[in-house]
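The following pair of complexes shares a single chain, subunit A, combined with subunit B in the former and subunit C in the latter.
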Partner chain A sequence: MNTRRHLALAFALLLLAGTAEAAQISDLVQTNTWEQARRFFTLSDQSVRNALLGSLLLGISCGLLGSFVVVRKIALVGDALSHAVLPGVALGFLWNMSKDPVAIFIGATAAGLLGTAVVGWITRTTRLKEDAALGLVLATFFAVGICMLTMIQRLPTGNKSGIEKFLFGQAAALDSGDIQLMTITTVVTLILVMLFYKELLITSFDPEFARSVGLPIRILQELLMLLLAFAVVIALQAVGVVLVSAMLITPAAAAYLLTDRMHRMLILAAVFGMLSGALGSFLSFLGNNLPTGPFMVLGASTVFATAFFFAPRHGVIPRWWRLRSRVRRISRENTLKFIYHVLEGRGFDGEGVSLEELAERSRCTVDEARLLVQHLADHRLATLDRDRGGLLLMPEGWRVASSVVRNHRLWELYLTNMAAYSPDHVHEDAEKIEHVLGEQTIRDLERRLKFPDRDPHGKPIPNVREITSRDAAPTPGPQSGYRGRN
Partner chain B sequence: MDSLIPSFDFHTVFIAPWTENFALFGWIALMGFLVTVACGLIGNYLVLRRMALVGDAISHSVLPGIAIAFLIAHSRDNLIMFIGAIIAGVITTLLIEVIHQRSRVKQDAAIGIVFSTLFAIGVILISMYAGQIDLDADCVLYGEITSVALEPRVVLFGMQTAPGPILLMGAVTLVVVGLIVAFYKELLVSSFDAGLAASLGIRPSLMHYALMSVLSTVVVSAFQSVGAILVVAMLILPAATSYLLTSRLSVMLGLSVVHSALSTVLGMHLGILLDCSAAAAMVVAGGFLFVLAWIFSPTQGLLLRLRRVDTTDPEDHKETSAASA
Partner chain C sequence: MTETVKGAEIPLEVHDLTVAYHRRPVLYGIDLAIPAGNLVGIVGPNGAGKSTLIKAIMGVVPVSGGWIKIFGQPFRKNLTRVGYVPQRESVDWDFPVNVMDVVLMGRYGRLGLCRRPGREDKEIARACLEKVHMLPYADRQIANLSGGQQQRVFLARALAQESDLYLMDEPFAGVDAATETAIIALLQELKERGKTILVVHHDLPTARSYFDMLLLINMRLVAFGPTEQVFTQELLQSTYGGRLTILSDVAQQVGA
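Take a look at the complex of A and B:
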């Protein structure tokens, strides 16, 4: 146990050392990177502790609320809301000319909610669409905020430091008052999300159903907006107005690629949020307090990119791999089917099929046929044996070949007998479905068709069960498999 | 609190910009007007095609292109900056498409992820290489229209003419106007009825990409004066305002030019009055004009709605006016 823990610690340090080195190479800092990293990880500094704690808190609340944003497809509402808080921040600052966390919190929340309300109002009362309404509210509110901010910056009073940090975020500027407020808000958010989890879930996925069971949709929507505003305001100081929306969207979108269950998505999104928050504050600290927000966003984007490529079910690479293996399986099955056809064409006389025969049947060149056969050989379905007349099917290959042919002919028979297709229209359809029919469906088809032995074109339907039971024989007998039927 | 709003002096706010300080404010007003006109004209098509937020995305994501161009060229070479920004704009549209099509992430989230990532990269580059890039992070957000107007004059034909950025912006604006005049019909048809446009032999995707490239160009040339976020307002506000007042595209284009001129002049005075960022003040003035149109629009204003709320169905009205547009 103890060694394992040591190993984990060493590995973690190694990983972090890697990032530290990268930072050094890119010439981030004048001060000693290692010294900075040591200061960060020993948490000896109060400001480091605050920055890290703040990033974790904002990661949790943004991840949770962001999940609802992503599944409800209101990502750009989050964007508008986060830009709209800026005048509220400035007003909160003006309240008593200092960076008072509570005043800024109230001002920012109010401005954000006002912004979303105006968006709703514009879309309801004019013919402008939502995108235009979002864009104009976002930018106009932001402009009002910038006006006020530039006015504040010109003030002679010395206490205005920190207000410009709200644009790009500075986790190191968080003090214990901020952390207290952030903790309270995160806890309130957590409790509200847990209390109304079911209601929020239903209204997010099926508003019609929610209406029919009498849930107060309007109130729930307002609640969500309030919580969203909370999340934005919590993240405001560390991430900055401009990039807060990314902390809502990106971790949640990454989580969305990894799971189909809402509660897992919430947990994953919160974890990803914390991860990117911590990474962002670390890199910003390494870089001598470069703005934190962009680094957090990059951390979140890295998480998203990883999920985008490697997520087991929805990732691009696993999906591509599954598609590729399906395509190759179908190609193998088609080759086996052609070999079966060749053998059948000469009444299963003689064991081997020559490459030329296969090439002619599958309408390709001999070289291409050789590749197909090589592919079969790799999967131990057939061997090429010149002495015994060419291509020999191995037991498994013989089984697959005859089941594909059986699937094809059974389906043709089903379409002509039960679905009243004319026999000359069934081949194309059977070509596709022969690769996907499962055992259970085949049993069912056989039963419905009363265990037929001829397809609509008069060709025999191979009996796979008999063949499979004879698999134990070292040399598969195509003839015996076939003759067993008659 | 007293020092927040400078003491009001009618002469300084309203007369001086047009008389003794004209050398500075004349250029500021011209630059503001050129930016808002170019953005506003393009914005009409964005609003009609419901692509307002694509404008938002592109305006954010050209930043890394500009920053990298600075790092490569070590100067404010306009050509390299344009190339960098257009590449960044194309990458943005491509990435949004890839994420949207290759995963279950919806388009709105894809837009949000892509532009925030690119913008973050741009901000990091700018703050890391602050010494080498002639831009600061705040200027990225709201521009420096005042300093743009003070650039050294460009000498043309042996004469001192306008400052370089203003000449460039003027050229871009002329190109935009020229393109809209030349392709008026094509843009009109493809914006309202993509199916009809295709049947007339106008390729909707071609129009889309052409519009996107013009948009990127306009956004980049406006970047130094108004920054990445305020430009969104300049794209949407004039079009949104005139869309509330008319249903004809030609009138809408004209009204958005009027809106641009008014918001520039009002904004400039507001900026002097409050002594705040001039570009932000222009947007605030534009927002004010939008609110006026929203309340007093003769066909669909809030006042009108209040008066006839019981006689006609607003949804019905919405349909007919959209159809006649």
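Take a look at the complex of A and C:
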């Protein structure tokens, strides 16, 4: 549905563009990219300053309000609201046939709030649910708005320049009147959000509880809607009706992935909003005649993609990395366990374990076994010493190996004795559990099982503390301590 | 002195309460007067209006008839004397708040508009978390808690309200045995301190041992009184409706 709407819109825009005579700063002086970039960063141009300042202001407003939109799961409301403002923009323009910021602000806010009110009205009086009502209102208001804008373009009188910018946005079209209005609105939003932070938080998290402690949740709801309408309306000219809801949702969504506290989310979303806004106005300025909205949204999407992939806790790549390092740790522990088994099999007599022995035990080829050993060597758990008969465990390797074997056998014993498993069912389970048992659980198991020394199959349970304390002895080394343990 | 005050103030009085959703009545003609210092279980079948009764008392759902008084006053005038534990499923546990944030919400009613929780509120919140053995989890994001831990956080939030009357919606639903024991011990302690607690409960066998008084409802009030008087075959059968009797009748016919 979205793509079709946007296609129709692109068509409408083409019609508009045919008649539009854009007063873009970049039209005035045709220069190369570097020259444009220099003009942007030196802020020598009044319109560059306006565009940048406007983008930062709308970034703050949209980021703050968008955070509440995201945590309340009302993204579709933001979308409907942003499309519903269009007829109001046209009416504001018709008021005195010019692009008067205040008239357009009032018209657009009123239209947006009317739109959300109609949604509420439809859901209350019919059996339609909110999503259908939102889709309906969004499309209707938007269609009315497009018709009105097209008519305005055809009017013989009035200064029509800039009106078509409301569709895809042009930050360069912002004048000082717009900036004044944006500053006031953003400051008001900032103050109200800070003042009512606690109330907005609780009504978003648990509205029933909020009502039960006597907070006026209806009024707070309306306040949030009003501020949301403000944010949308001031962002309108720079971002455009079509994409403004993305500026509400995308920076906030990125912030949501990065933090678990609401106040940090608000700050991050505002910063991301500013970042996307500035990036959008810069790129739009760089490429002549390009609308700002898509660039701002792409900037925001880039921020989101970065958070999606790299967010420390919720990001895809850190999660994949954590999984990978767990898999590798388990693989190391298993190799160490096999080495232990080989040594145990020959009564801890002799020194090194050969690669062939390891390969046989872990059911792999010698080459694969060599890779496993290399992995152990990288983590300073074992060394391959040809002179001393092959593979030697280093002190840390011994500790890990005996711990894993102990965990395995303790868990088997626990399942057999306390959970009434039969002894031939416990091995598979213990294969997984041996890698995740914590020190605390081990102590607990040992106590409950009365410090056992044999598993259900009669194999000895290694005493890790004894083994590691021997490592601390003045002359540590495999052959000094681990021989003849049996 | 204190006794006369207690006698004069009935924590909760409900008269001819009727609640309707979309003009279909869910509760009708409920009359109640809960005496102070009791642990009261609200028991009834699914769809009997147990949660609705609590929500109507809290002013969360609109009332279509009758009145409710909290310590002799309309609810809006005595907000701070009522604590509320909503159903655990009623909120989004992925919400970006930690355990401490949630418990502090219990203080919001007392703080009033625009005031932030201060040092004293945080002390109270910590003490409440300690009571439900959740203090070590104060900085955890709420999504990283088990069901029982989430329920205890909600209880701590209600404790932080420092109220005299508590309304709890299914606090035992989906919690582990340890949490259930902890909760019941806490409710007993609250009762010892003279608080009045109403608990929506769905498990009949434990209802008998947990509560001093039972309130049996099935859209209307079936019975209210001390557990040993109300927990009878006859009353439970009429609470759990015609369905059960018809079922047993049919079963008898099949058997004969």
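Quick note on the criterion: the second predicted complex is superposed on the first by the 409 of 486 C-alpha atoms of A that agree within 3 Å, B and C clash if a C-alpha of one lies under 4 Å from a C-alpha of the other, contacts with A are read in each partner's own complex, and residues count from 1 in each chain.
To be clear about the criterion, a residue touches a chain if its C-beta (ideal position, glycine included) is under 8 Å from a C-beta of that chain, and two chains touch if they have at least 3 such contacts.
All values derive from a computational prediction rather than experimental measurement.
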First (subunit B), second (subunit C), both or neither touched by A:151: first
Touched partner set for A:369, first subunit B, second subunit C, both or neither: neither
Which superposed partner A:256 touches (first subunit B, second subunit C, both, neither): both
Partner chain in contact with A:198 - subunit B first, subunit C second, else both or neither: second
First, second, both or neither for A:297, with subunit B first and subunit C second: first
Comparing the two partners subunit B and subunit C, which touches a greater set of residues in subunit A: B
Partner chain(s) touched by A:287 [first = subunit B, second = subunit C, both, neither]: first
First, second, both or neither for A:464, with subunit B first and subunit C second: neither
Contacts of A:227 with subunit B and subunit C, given as first, second, both or neither: neither
First (subunit B), second (subunit C), both or neither touched by A:94: first
Touching both subunit B and subunit C, residues of subunit A: 73, 256
Subunit B to subunit A touching residues, read off their complex: 1, 3-5, 46-47, 50-53, 55-56, 99, 102-106, 108-109, 111-113, 116-117, 119-121, 123-124, 127-128, 137-138, 141-142, 229-230, 232-237, 239-240, 243-244, 274-277, 279-281, 283-284, 286-287, 290, 294, 300, 302, 305, 314, 318, 321-322
Subunit C contact footprint on subunit A (complex, rising order): 71, 73, 195-199, 201-202, 204-206, 208-215, 256, 259-262, 264-265
Parts of subunit C lying in touch with subunit A, wherever the complex brings them together: 55, 58-60, 76, 79, 82, 84, 86, 90-92, 95-98, 101-102, 105, 108-109, 111, 113-117, 141, 143, 157, 161
Touching residues on subunit A, where the partner in the complex is subunit B: 26-28, 70, 73-76, 78-79, 83, 94, 122, 125-129, 131-136, 138-140, 142-144, 146-148, 150-152, 154-157, 164, 167-168, 242-243, 245-246, 249-250, 253, 256-257, 287, 290-291, 293-295, 297-298, 301, 304, 308, 314-316
